[in-house]
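As structure tokens, here come the structures.
One chain, chain A, appears in both complexes that follow, with chain B as partner in the first and chain C in the second.
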Partner chain A sequence: MISELLINAFLVTIMLSIAIALIKTRTVIFTVILTSAYSLVAALMFITLDAVDVAFTEASVGAGISTILFLAAMAYLPKKEEESISSEFIPALSCIILGGILIWCSFDLPEIGQLTAPIHQHIAPEYIKGSKENIGIPNIVTSVLASYRGYDTFGETIVVFTAGVAVLALLEKKNPAKKNKSQPKRKIRKNA
Partner chain B sequence: MISSTVGIWNYWIVFCLMMIGLFLVIGRKNFLKKIVGLTIFQTSVFLLYITFGKIKGGTPPILNESINTIYSNPLPHVLILTAIVVGVATTALGLSLVLRINSEYGSIEEDDVSAQDLVDYHDDIETGKKLDLKFKK
Partner chain C sequence: MHNNPILRISTKILFAPIILFGLYVQFHGDFGPGGGFQAGVIVASAFILYSLVFGIEAGKKLFPSNVNLILLAFGGILYGGVGIVSMILGDEFLAYNILGSSPQSGQHTGILLVEFGVGLTVSNVMIALFNAFSSYDKIKEK
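And then the complex of A and B:
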């Protein structure tokens, strides 16, 4: 039991060091690679925390597709991050204060892995009991995702569709020559 | 004693990761770095949720034959599965916004972009042009 938690603690510490490296680095390619590594270590974490479905979704979508998107965007963007003129003291201070408050609050959280924690009392036992009879799939996550809370998944597809439409609208290839010609014409007419 | 310290240690690291993500969003002026910060923040929130769902000695929530199995809580897993996909959608949207800003302003540094906006604003005031709050085309 303790070994499991120690593996957890080890993995989150790796994640912490990756995040600190992210603050240090100013090169865009390193930033992208570190983000990908962060997602992969997070996927390992999810396996040790019994969330196998989440782990392979994170490994394929978080570490795979996100990285592809970042790499594709990187090709059109400046390769170096500039040093900021303004001071980073106030953001850092507010983050540290907020983190301190969160850590202070964490003493009220239930210890990891306790069966008596409030989250395990409410509706999850019903899902675990009813999954076999109601839906007949051994994987409870799938039956909750697709059946008990199917509307959530429906809403998710709407969100993804909206994002896709918005991306298409933003990246629409305008014909620059045509636009530059048409705008001055209008202005000339107004002046005349 | 060790187990209780380790039990809370996870939460602390997750909160530190969140704060690093938040710092990248509000402290860094590079728009790409801000989006990376959002991703970091998101993943740490996922970790927090999955950590809540863990049960000591539990197995992944896939039904097996034996009766006395303890399954970890499947509900956070489902919520996070949805959130991962939505997270990628928001990342894609943010990246396309960054690409658009880069093509309009020629820079993705917040200082450059706001300086250009300020110059345009003062030009508009000097020429007495009617101010419209729409983005510069």
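And then the complex of A and C:
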């Protein structure tokens, strides 16, 4: 129990320091690399919560491929971020208030792993039993993802497909018209 | 693109193991952590690594753009097709029980095919995105 606490405290400290470094840095490449590092620590955090599949996704998608895509998209950005925020007081205040509300609400959450929590009572027992009896797959995550929630995963696949087609439609013009030239640029800036 | 021998040789050594690991994650997702999304990203990262080191043109020669676009759409079609086939066989959309001799083997077949569709779409979207970003740069330079 105490070792788990120590590991969590260690990971949260790293995440906090990465977040502070992210606020401080004004160079775009450091922002991308720090975001990737943040994802990697988040993946470790998911492992301590025993969510190995989510950790795997976070490590491969969050820390891996999105970093590469950001770097590829970054070629169109200026090297340095402009100091545009005139007053830092209002954003800081709203962050503190929102964080305070979230922390206050978290006191009402059931303890992690508590069996009487509503989330473990609703439909999860049926999935855990059915995954073994009806589907015969040891990894419950896969049986929920591909079979019980097959429609959702179909939707996700179509979302990925649509996003890819949309980016291709924006960028893969053989000769971009001169008046439309600023349009794809703006889109990239929003993504990055 | 890069003349650094360490990069070139380590890419050549790593390329096949990365794809092998991707396939392992893809088809072992029923038993361990993994599945279509992760496997797709891992396989895509092997091709992106190749394009980064040897240049985008060599990457396109290794994995042609038109094959990439066809496979990108084929993943979604495979997923939807499994659902349609289960409908034709007399069950509901994406109900896999009817696909095999027993409900369990039907579920296995369905999940395997569906995850493969997810993996195909995800990996090819990632490769296509990377190619689009890199090639757009080249159009602008001209």
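Things to note:
One rule holds in what follows: the second predicted complex is superposed on the first by the 170 of 192 C-alpha atoms of A that agree within 3 Å, B and C clash if a C-alpha of one lies under 4 Å from a C-alpha of the other, contacts with A are read in each partner's own complex, and residues count from 1 in each chain.
Simple rule for what comes next: a contact is a pair of C-beta atoms (placed from the backbone, for glycine too) under 8 Å apart; a residue touches a chain by one contact, two chains touch by 3 or more.
Source: prediction; values computed, not measured.
In this superposed model built on chain A, chain B and chain C occupy separate space and fit side by side.
The larger set of touched chain A residues comes from B, when the choice is between chain B and chain C.
By the touch criterion defined above, A:Ile65 reaches both chain B and chain C. When the two complexes are overlaid on their common chain A, residue A:Ile158 makes contact with chain C while staying clear of chain B. By the touch criterion defined above, A:Ile135 reaches chain C but does not reach chain B.
Of the two partner chains placed by superposition, only chain C is touched by A:Ser147; chain B is not.
Of the two partner chains, chain B is the only one touched by A:Phe46; chain C is not. When the two complexes are overlaid on their common chain A, residue A:Phe56 makes contact with chain C while staying clear of chain B.
When both complexes are overlaid on chain A, the residue A:Ala9 reaches chain B alone and has no touch with chain C. Taking every C-alpha of chain B against every C-alpha of chain C after the fit on chain A, the minimum distance is 7 Å. Residues 52-53, 57, 61, 65, 69, 72-73, 76, 138-139, 141, 145, 153, 156, 160, 163-164, 167, 171 of chain A lie at the contact with chain B in one complex and at the contact with chain C in the other. On the chain A side of its complex with chain B, the touching residues are 1-2, 5-6, 8-9, 12-13, 15-16, 19-20, 22-23, 28, 31-32, 35, 38-39, 42, 45-46, 49-54, 57-58, 61-62, 65-66, 69-70, 72-74, 76-78, 81-82, 84-86, 88, 91-92, 94-96, 98-99, 102-103, 106-107, 109, 111-115, 117, 119-120, 123-124, 127-128, 131-132, 138-141, 144-145, 149, 152-153, 156, 159-160, 163-164, 166-167, 170-171.
Within the complex, the chain C residues that touch chain A are 25, 29-38, 41-42, 44-45, 48, 52, 69, 72-73, 75-76, 79-80, 83, 93-94, 96, 103-104, 107-108, 110-111, 114-115, 117-118, 121-122, 124-126, 128-130, 132-137, 139.
Of all residues in chain A, those touching chain C in their complex are 52-53, 55-57, 60-61, 64-65, 68-69, 72-73, 75-76, 134-139, 141-143, 145-147, 150-151, 153-154, 156-158, 160-161, 163-165, 167-168, 171-176, 184. If you check the complex, the residues on chain B that touch chain A are 2-4, 6-24, 26-30, 32-33, 36, 39-40, 43, 46-47, 50-64, 70-82, 84-93, 95-100, 102-103, 107-109, 111.
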